[in-house]
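Labels A, B, C and D are assigned to the chains in the order they are written; within every chain, residues are numbered from 1.
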Amino acid sequence: MSLTDELLGTVAELRRTVADLHGELTRNELVAWTAGNVSARVPGRELMVIKPSGVSYDELSADTMVVTDLHGRLRDGDLAPSSDTAAHAYVYRHLPDVGGVVHTHSTYATAWAARGEPIPCVLTMIADEFGGAIPVGPFALIGDDSIGRGIVETLRASRSPAVLMRNHGPFTVGRTARDAVKAAVLVEDVARTVHKAFELGAPAPLPAEDIDRLYARYQNVYGQR
Amino acid sequence: MSLTDELLGTVAELRRTVADLHGELTRNELVAWTAGNVSARVPGRELMVIKPSGVSYDELSADTMVVTDLHGRLRDGDLAPSSDTAAHAYVYRHLPDVGGVVHTHSTYATAWAARGEPIPCVLTMIADEFGGAIPVGPFALIGDDSIGRGIVETLRASRSPAVLMRNHGPFTVGRTARDAVKAAVLVEDVARTVHKAFELGAPAPLPAEDIDRLYARYQNVYGQR
Amino acid sequence: MSLTDELLGTVAELRRTVADLHGELTRNELVAWTAGNVSARVPGRELMVIKPSGVSYDELSADTMVVTDLHGRLRDGDLAPSSDTAAHAYVYRHLPDVGGVVHTHSTYATAWAARGEPIPCVLTMIADEFGGAIPVGPFALIGDDSIGRGIVETLRASRSPAVLMRNHGPFTVGRTARDAVKAAVLVEDVARTVHKAFELGAPAPLPAEDIDRLYARYQNVYGQR
Amino acid sequence: MSLTDELLGTVAELRRTVADLHGELTRNELVAWTAGNVSARVPGRELMVIKPSGVSYDELSADTMVVTDLHGRLRDGDLAPSSDTAAHAYVYRHLPDVGGVVHTHSTYATAWAARGEPIPCVLTMIADEFGGAIPVGPFALIGDDSIGRGIVETLRASRSPAVLMRNHGPFTVGRTARDAVKAAVLVEDVARTVHKAFELGAPAPLPAEDIDRLYARYQNVYGQR
């Protein structure tokens, strides 16, 4: 496959968007060293744009991003793709509405993942954004489709755009890469707040009907139309 | 209602002030993504200036702020107002001395709110600024006056300019928007310090008469006259 | 008393030093809003330079600093001095080797102060810098010499340049204002580390003879001669 | 020994590298005041480049770095070397593959060190980077080879590039100074995450065979070839 001019324009724009969005990971202190990555699906194509492996966040630019197909094979770019590429690719193959994927090892979300405990829905913000408890996915080794499959199966059983992969860390998805980054920021924010709440007591989850009303309202009313 | 020239001058200044004060929310790490807002009453008018809904803090400017009446109806500006506008408006309608309102989901204040526990007055700073324990307001769903009413009833029963709305987060008020921001910064600061104190023990509250003396002194002596 | 030209030169330099050192308080996240202050003794004079009351850290400059005598009476400057001036002044009157004083409400140091617990000497850094456990001073109300007296009596019974004033926060001293700021930075650093250590266990204090050797070495060997 | 022109070129480059890498210590909040240092071995020489003692991080530059031999004696530079020079030098003398050493008192790693507890391998990131639990070294006083010997003996019994020196803090090593800094950043990151995980439960360590597979893969596949 060679990239047409039109496709090259779309890809160029996505390379910039994805490179810039990594700045939100550092600004929100979700990542240490190079341990986190953002990708975006190339709309209508079997392609995605993703971070190269092991490159510092201040060396990232549109040019250093790489393009792979949805089996993780390099299609454009000079560097090797993120070591998490297979997981991102699996998600795009199996969840057609997902346009962006983010993976971090952010502290509090990863602490819940290390214990294998979902984050209970004890805050209106969790009901708004995640529609209920934030679920835990299975422990899976890197190297084949295990991580991707664990993400997809867990997300399909939930309204949450975030999954806490056991002993590993959070993966988030969104309609766009920016939405997935938002979910990565907010899953760490609520993971931290709920952690603090449980350090000194045991807050009760919100009633299911209140969660449903908050979630429905937020998905339909919040932001600019 | 159309805005007169004089009123436009006042509103223009408040738009800038309110936009700038959101910078204190990010600088003090009180907000994640777009989850927090500042408003100011337009003095002598049934109007307020407030953040637009779902807009990033680095895109905020005097121009993007919106003006609503005290029932939350848009009067000036191109964007939809904050989804918390009804709560701000209710506070201005019922507490005539309040000139500014702030809402955040800051981590530690929200953790106390998730447990539904007031922050006990175990520090001289809490006596100075809040005049006693920082109270908890009821759980209330967004969509009508429930949140606003919960804020007002709780603040009326206390000297505190901050209320921890249960399972939700803090709201603060002040004579000006800047004063309300100061209360938002300090409620998180003392929520964090008292949280840390209780993690390793159980500090005793200050005696009521000491709280009264500290509060009286601070309200009358601190700062520049 | 009117200030001579020579004295004015010294004072002008100290105003700049003290103003700049407040930047270390914010950079090291020791203060929220305006709640912390640095002062310096004017060498050989019954004078000190201190922060004005209730002024933001980004508005501080050499010009806005104020000069008081060692009973807290304004001698030079346009603004009212810090509300903690009496405590600083008392320290200078009673501890002639002290050239700088710092007061903050830094989170972890204040949490130990809220419980009234000294920070035990479980780290080589504490032995180096503080020469043993960091002591707690009495609860004292602002308004007379109680706070200053509590600071001085506690410091005299210890090698530590820091004291945790009960239910209030840390005060630190040094040969210079910069040394006092260093102690304010390090007392928060070790307060936090020891807090974390105790959250998951109970580290044992270092043996007294090791503390003595570390303290002696550090006071004589560290840094540039 | 006088330095030849060629050696001076290598040393000049290492001075800059080592000075710059201290910026990663502050950016990643691993150090308070001047309490942390980076060194690099001069390849093929019995020399190392290290931070001067007690100098602020913003005053560090290529010029202020110092060169010592591998017994800590000053060979080039105007300032006294770090008070931890003997420990760095011992590591270079005994571990020939080590090209860089870092020492910090980073909060969470030091908290584990204060309790004398290794950080258990409950996260894939720990398996990847450290190949198992992060070990604790003995308590040792500064002043002779005790600290260096404790570091070397502990690292030889482990795959980890980090050791938690008891009641003191972490030391890390790497093929280069940059690798040692990476290990210093990541040991604090996982120390924090595992601390948070244990605050609310007791995560189980990964099975030894999974740790081996993750470690082998990461050492061979991650990053750019």
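In this text, a residue touches a chain if its C-beta (ideal position, glycine included) is under 8 Å from a C-beta of that chain, and two chains touch if they have at least 3 such contacts.
These numbers come from a predicted model, not from an experiment.
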Those chains which touch chain C and also touch chain B: none
Centroid spacing, where centroids are CA-atom means, of chain A and chain D in whole angstrom: 32
Centroid distance [mean C-alpha coordinates] between chain C and chain A, Å: 45
Residue list for chain D, restricted to those that touch at least two other chains: 199
Interchain contacts (touch definition) - all pairs: A-B, A-D, B-C, C-D
Complex contact set, residues of chain D against chain C: 32-33, 35, 52-55, 79-80, 83, 105, 107-108, 110-112, 114-117, 141-143, 167-169, 195, 198-199
Of all residues in chain C, those that touch chain D in their complex: 28, 122-125, 182, 185-186, 188-189, 192-194, 196-197, 199-203, 206, 210, 213-214, 217-218, 221-225
